[in-house]
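Multiple structures are listed underneath, in structure tokens.
Here come two complexes built around subunit A, the first alongside subunit B, the second alongside subunit C.
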Partner chain A sequence: MMMNSMKRMTWGAAAVALSVVVSGCAASDAPKTAVVEQGEPALTRAMPGAQIVAMRRLTEAQYRNIIADVFGPDVVVAGRIEPIVRPVHEMIASGAAEASISPAGLDQFDAMARNIAAQVFGEQRRAQFVPCVPRDEKLADPACAAKVLTPLGRYLFRRPMSPAEQAFFVKLAGDGAGPTGSFHKGLELALAAMLTSPRFLYVIESAEPDPARPGELRLDAWSRAARLSFLLWNTTPGETLLTAAESGKLTDQAQLRTLAEAMVASPRFEQGVRAFFADMLLFEKFDELSKDPVIYPYFNQDVVQALPEQMLRTITDHLVARNGDYRDLFTTQRTFMTRSLGGLYQVPVARSAGWVPYEFAPGDDRAGLLGQAGFLALYSHSGRSSPTLRGRAVRELLMCEPVPNPPGNVNFTAVQETGNKAKPTARIRLLAHATDPSCSGCHKITDPIGLSLERFDGLGMARKTENAALIDASGEMDGKPFQGAIGLGKTMAASPSTTQCLSMRALSYATGRSGEDVEELVPALDRKFAAGGYGIRALFTQIATMPEAYRVVTKPLAAPAHVSMLTQ
Partner chain B sequence: MAFDLSRRTALRGMMNGAAVAVGVPLLDAFLDGNGTALAATGAQVPVRFGTWFWGLGVNPSRWFPDTAGANYELKPELAPIKDYQAKISVLGNFNVILDGAPNLPHVSGGPAIRTGRALTAERGLPGESFDVTIGDQIGTRTRFRSLDASAIGDPRNSLSGRGGGNLNPSETSAAALYTRIFGPGFKDPNSATFTPDPQVMARRSVLSGVTEQRQALEAAVGAADKQKLDQYFTSLRQLEKRLDVELTKPEPLQACVVPGAKPPEMNASGDIEAVMKNHEMMADMMVMALACDQTRVFNMMFNNGASALTRIGSTITHHQLTHEEVLDNRLGYQPNATYFLTRIMDAWVYFIAALDKVQEGDRTLLDNTLILAHSETEFAKFHTIDNIPMMLAGRAGGRVKSGIYVDGAGTPVSRVGLTLQQVMGVSIDKWGSKSMETNKTIGELIA
Partner chain C sequence: METPGRLLRIGLFGSALAAVFALGAVAPTWLRAPADAAAPRPQPLPTPPPGGVMGFVVDSFVQPVIQGKDACPQGTALKLRDAYLATLPAEERAQLERKENEAQLTQRWHAYAFGPDNTNVCSQPDMFERPLLRTVQSKKAWGLDLDEGKTDDTCAHEAFTTPTGEQGIDNQEYRAMGCTLEWRGVDGIAGDNQTGMRQFMSSGEWTQVILLRGVDSLQNDDDVEVIYANTPDRPLADSKGQFLRGTTFTISDKAPRNRNVLHGRIKNGVLTTDPADIVLTQTWGQGGARDIRGNRTKWHYAKGRLRLAFQPDGSLRGVMGGYRPIFDVIVSPAIGGAGSAIVAGIDCAQNLATLRHYADGLKNPKTGKCEGVSAAQAITAIPAFVNDVAPARTAAR
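After this line comes the complex of A and B, so read on.
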């Protein structure tokens, strides 16, 4: 650990030295890749002095939230966005920091951008966004176009456009108005170009010298505004944050805290918490969830859509609405139901549409997040439950303890079909793994956890027997025995890994860095989390205000040879 | 077929309501005597390249022929290709060499075939896949550099990309594929009239504007972000290129028959019947995208590596069956897992047949195409990655021999990628890395 951080420090310093050369743009021996070429377009100075330290691609949810916030929720965002590849055992948020945009992906962004721009400047909505009357609807009008595009650019690029950028997009609107014979078509094309620009599709984080640590860098005010906004509300910074960035509030520790506290107190914080947990709990897997309808007659499209929503409602109700302790999320008896879920859970739901609060009876095994059908169904096979998948998900997702893959040459023959009458329950079938030494190493850290959830089938419906044999729901984790989902929930709540894992995921989510890269900050953060009663607001406020999260850490890259020579 | 592909309905024209009727016989006039070139322009009938992927391999002793050469023996699991055997070569005994990198089950094999490199992280690709390299060579003049589709309906189901964490996303429904190819921006090559769309012209200039932001951004980024920007601007150039194509009057193409209607939306699911249906509709779209010269490169994924295919009434997926189903002592294989392989071979034959039905002069579209079909494992039960089953269909316009079984004798699988790229005109003499670096073209295949 010590060695690692030492190395990182050295590299950080080297990178800073390099960036100074780059921003000076004058040194004759500067690496070729970083030299600003002669005859640069006016745009080159769009972000004067800014060092770009990270580019994080927007997720689909962020894209949709931004369009709804900037243009109104009635603007339709049609189409899908190129998925960001999740690094193994990491957050999509850290994958976003590595994601590029493929030709097919850009195609989709381009089609969506044109569609959105056409709606924004269509006859219905244009009055909302065009505060001036063009001299002639059929011709370009640079002055009016500037009035339209300047404020939009500030919202979409999350910082004011430079005069050069402004002139550029106004010119585009003019160039577009000519051939189409329409001022509004021109605006449409300029807006589509903004929405296809890397400055929009990537959250670009840039840095400035850190006065507290000479020679080091920290995120600048605009990047902080975006960081706060995407972390806490999962959308683009609004007027308050942009104004705060302009007036220097975001680099002032006390004012930063005031703003962050206001943001976690806002109803919009729920949207941020939802996005975080959807990332942490791998909700993209719900897109691919399929169950055999013959085996699970309660499985249908309504249920598929309700499963993740039920988990998110349980999470946000407990953590946000009730300000609950994160550890209690694993034992809470409160949840929400729809009529279609009522069938699956075998509970009466009075209303035929929408969600109703529901509380399981004390002692019901169906307690906590892990007793929810969404979790149980996601970590099962299409036709039966899987103690191994469930145990692995608990370890990896909720306790940040990666479980190795099965060896490539594994022989699964020992695990018999569910129809085998000699081996009616999963516990008996999995004995084969527990006794084979090449399997038992991993299976003993996953299966005893998952076996406690066996009273729920592959869709998460309660059951007492499998193949007519009574199910034993005793489980064990790290030497601690327990019974059923409620026992598992209590064991999870008592484990320090549970809260430390959340701290690490949240920090990784905020910064876009991998778990390993933020690991050293976790113990201190977890102590603050504890001091805040393990409330989600306390955790996120802490992350939003800790100076370490805004420091720029440069990791060693496989840098080209000429660059490493320069840093000698 | 769910919708009508009849030539006459299609030729009535569909763009912007400007109906244009074109008589079919007129089109034949554009072909010269031997039917391989367009007489009007002298342009060659294009050669296309594609891949067709299926997950979970085969039962090797029931699929691979025993003897190398022509007229190879069709064992039970290969029997579905019978009618097309003369146009399909089988490749066996080519090995994936990982040089100590872990064999990530169902993950390592595909990228090794496509990139000639061993994957070390459980995501993305270790280098540029050869379909992308080939696309850069032959796909620069079409609207799309390549088209990618996943019949099982997962956009992440892809083995194509320029390396790193990103994969070219697959289209997940035939309807989306239809819109992409034949929706706005499509110009019927056989339409008698052509008017460049003023909006496309304006967009073209807008895009070159976006390119101007490049230097500004690249001046301020580090190496990792610069790579991302490079990929972004590469994508942007391809988009510009596509608009250029849309602004140019296309050459008439005899074989191009624009599908008359958008196929119905289907919900993605692992049910084998639904995936078969989705694949058929996607295959029809791909074939017409090729015939209408909208792309010259494609990647068709049938299922994913760890196949999530299911069959109504079965408790477990295709993937789990390969591991958990008992080998039937009498049969010597796993009957339920093998059922899926049979369907996969049926789907492959549908794809080949659809290409072969399209006549381009005296050849068929299949003859003018080269398709590598492959899996990601040899025998899924044990995750073996040597001798992964592969087939080569079509003759690339006469550049390759077909209808033979090639025994690779344990040489690196990268020889396949090297040969394919060379056949498609990529100028390289060696390909792959470490133990998979090779300069040995598969001579048996070269015509």
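After this line comes the complex of A and C, so read on.
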């Protein structure tokens, strides 16, 4: 009976959240949010004086990090979160600014929220979060509930709750305590509602007048705190940042820099770098990576899980632990191995379990990020390698040079016939395919890059021959010839597009704006990136402190196709 | 003191193992390339790596059964049910074999597996008098010439000849056990034990590695250190169950630590080690000590030696030979206890009696009786990385 009452109440809370239908928007746009209140105070009333300029939905990693940071890593986050759709050629961070939540997605959030709330206010943990003793454990106690929910709301909403919000959630706790006969069940209900609120699920950026640029807007202190925290640590602002926001430090350029520098010096910066590169390199594709196990006997679940982790460990070791030059990421010999990856790479691995550092021999063609099996396998087909996919990934992801999709009527027969002894290598097959004028234009951009990686098969295992024919790993990029993965890595390292692209991706990731929207800021940022020795800390510190990143750029709205509700 | 529950668990697990042996139908890999060191190799052998260190993981370790009707002309050795029936007068046997008497026959042959005080033929094989098994009658067997013609510490025995003509082959284990269903298989073309052994290896409870040091040439080298050891690491396998090449194993540094250090030489592409005691351990299942899982059994080969031919594809193929203590041969069904007898139909007492009869090695100087049988295992091994862990230093070592 109690459970049924609780369930009804929790679903009621979900319905409250659902009623606040939101659709994110980037800071570059004027607000397109429309909110209707049926209980939970509308955002605009909750944040008096603030102008909401952007809403970015939390990613799954951010959600998990927040729960761990606010409630502890022992609180289990059970379930998966509706993925954010990646805009073409953009970051998921940009997609987050456009992401809505479907009814099914809200169901998932609601189920997770109820589960988390039950853990937080369960008998084992409640003492950590309830600083007061309710007058009667079977009844509502608004004063005690306020003491519990107010600090939690500050962490979850990334700003202090307004009086209206506070009153709403305290009332919700009381409404829950009544039918369930439990003060703590009431708190569960209120917390579940907070966790399904758009205030939590979306990073809501609000703006204030910019005193340096009359008539224009800049992000306010709370939004700056969230921006810093999600950019650098991929989680919610902690006490230091919230206090800094409260005291006005985040709008003071010098104090902002001090805080940003401290954050990039923290071990938690690695978490932020991981999140950024996972977004930039499209790691969501690993979730659907599949290979033909007959063709690739070393493909298994251990390997699938290890491939992105190996890339991230290589990246963070080089850029964060060693403070290395980003350009050297394409030629580094250092990486990490597990036993299952050791088989794929055909190298010894000292420990039976876990990761061990590994360094390829000088001159080994495995050098650099592009020689890693994760990249090579991700940009291949399930049964064969693909110089085109690999070349396209280099162009689009690492050099920010979009390549058009192939026309719909292309005949792929020539490239798919991997067993054709008359055309034993991919180079020969692609040459035959690219004689079609409608194909050759794009293949010229991608294939000479990807062909240099042909000494690695569709899973990224080294090979010297294909169909008994020696593989020619010569490549070319923008008129510069090279050999193999190491040659490609050196060419990438020497190209200004490589660092400019990273600057653009990082800026886009930080602001949620598209590459096009931040393009004009890139040359100056890249110069500062260079001045910092192309170190990732220097780049992220620069982005975290550049005033332009906090300015609200307005542009005329296109006529909306549909406006579902009106803002109060 | 065994509890009934423990006995039941052991019995059932032992039976399951026996069933594993009985179900195998895969052609043994060693048959595809006989373990004959002298066989010509048309393809050149690879060059040893710089430093001369080569690692391998054993991917097949099976009894080398030669199939064919001449080996067991009377058929495979009788299972316990049929062995019991064979003890009866023809008329009584015929009556019991009628379908309507099946329950009575089952009750009686099950009873044949037990003795006084709840003893049974597999847990206490010494306590039962049983006739010998049907044994291998052909003159051919795979194996090694262990005694090299000497008779001082062996007992009288008849040597085999390999299918390729090598004489003086000592493999009395094969003579004694080679007609059992577990060795020969139900269809006459597959060695059933191979399936069971392969499962043990795939599960990581029986992984063996070979590490060669000081290899200058795969053709001829007078001085090679050979470490033949167990590892707790489970081999990685492809979707068909074939072990993957080039994976890494670490020799166990925890007890029981079986790291046999042998000396060998390579002649004409064949590595042969000097006779030495070789001890390997099998850990049954992954469980604790309260049931059969987690129990360990030893494979002890006295005067053991390896003879392995390097293959053009980088693998090793050959034989391990040596003298095994008689009881070691039946330790698997003995651990299975009554379950091995009444579910798998194995008469351990009969096996033991036959092995004793053909024992030809490990002569007890006091009794003059042999307590071991010459034996051979066919081995194939594929390239792997092997981390050797040197023995721990102690005050005495």
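One rule holds for everything that comes next: the second predicted complex is superposed on the first by the 508 of 568 C-alpha atoms of A that agree within 3 Å, B and C clash if a C-alpha of one lies under 4 Å from a C-alpha of the other, contacts with A are read in each partner's own complex, and residues count from 1 in each chain.
Going forward, a contact is a pair of C-beta atoms (placed from the backbone, for glycine too) under 8 Å apart; a residue touches a chain by one contact, two chains touch by 3 or more.
Not measured: the values here are computed from a predicted model.
Trainee: If subunit A is used to align the two complexes, do subunit B and subunit C fit next to each other or clash?
Mentor: fit
Trainee: In the superposed arrangement, does A:Leu370 touch subunit B (first), subunit C (second), both or neither?
Mentor: neither
Trainee: Check whether A:Pro297 is in contact with subunit B, with subunit C, with both or with neither, and answer first, second, both or neither.
Mentor: After superposition on chain A, A:Pro297 lies in contact with subunit C alone.
Trainee: Just subunit B (first), just subunit C (second), both, or neither: which does A:Asp175 touch?
Mentor: In the superposition, A:Asp175 contacts subunit B only.
Trainee: Thinking of the overlay built on chain A, is A:Glu288 touched by subunit B (first), by subunit C (second), by both, or by neither?
Mentor: A:Glu288: touches subunit B, not subunit C.
Trainee: What is the contact status of A:Val85 with respect to subunit B (first) and subunit C (second): first, second, both, or neither?
Mentor: After superposition on chain A, A:Val85 lies in contact with subunit B alone.
Trainee: Once the shared chain is lined up, is A:Pro348 touching subunit B (first), subunit C (second), both, or neither of them?
Mentor: In the superposed model, A:Pro348 contacts subunit C only, not subunit B.
Trainee: More subunit A residues touched by subunit B or by subunit C?
Mentor: The partner with more contacted residues on subunit A is B.
Trainee: With both complexes overlaid on chain A, does A:Arg339 touch subunit B (first), subunit C (second), both or neither?
Mentor: second
Trainee: Can you give the closest approach of subunit B to subunit C, taken over C-alpha atoms and in whole Å, for the superposition?
Mentor: Across the overlay, subunit B reaches subunit C at a minimum of 10 Å between C-alpha atoms.
Trainee: Kindly list the residues of subunit A that each of subunit B and subunit C touches, one partner per complex.
Mentor: Shared contact residues on subunit A: 293-294.
Trainee: For subunit A, which residues count as touching subunit B in their complex?
Mentor: It comes out as residues 15, 22, 25, 33-34, 36-37, 40-41, 43-47, 50-55, 80, 82-83, 85-88, 95, 98-108, 110, 114, 168, 171-172, 175-176, 178-180, 185-186, 189-190, 192-193, 196-199, 201-202, 204, 206, 287-288, 290, 292-295, 301, 381-384, 405-406, 408-413, 415-419, 554, 557, 559-560, 563.
Trainee: Hey, which residues of subunit C end up touching subunit A in the complex?
Mentor: Result: residues 232-233, 236, 238-240, 242, 244-248, 250, 385, 387 of subunit C touch subunit A.
Trainee: Which residues of subunit A touch subunit C once you look at their complex with the stated criterion?
Mentor: So the residues of subunit A touching subunit C come out as 293-294, 297-298, 300, 339-340, 342-343, 346-352.
Trainee: Could you please specify the touching residues of subunit B with respect to subunit A in the complex?
Mentor: That would be residues 102-105, 121-124, 145-146, 148, 154-156, 161-162, 164-169, 172, 180, 198-199, 201-203, 205-207, 209-210, 212-213, 215-217, 219-229, 231-232, 234-236, 238-239, 267-271, 308, 310, 312-317, 320, 323-327, 381-383 of subunit B.
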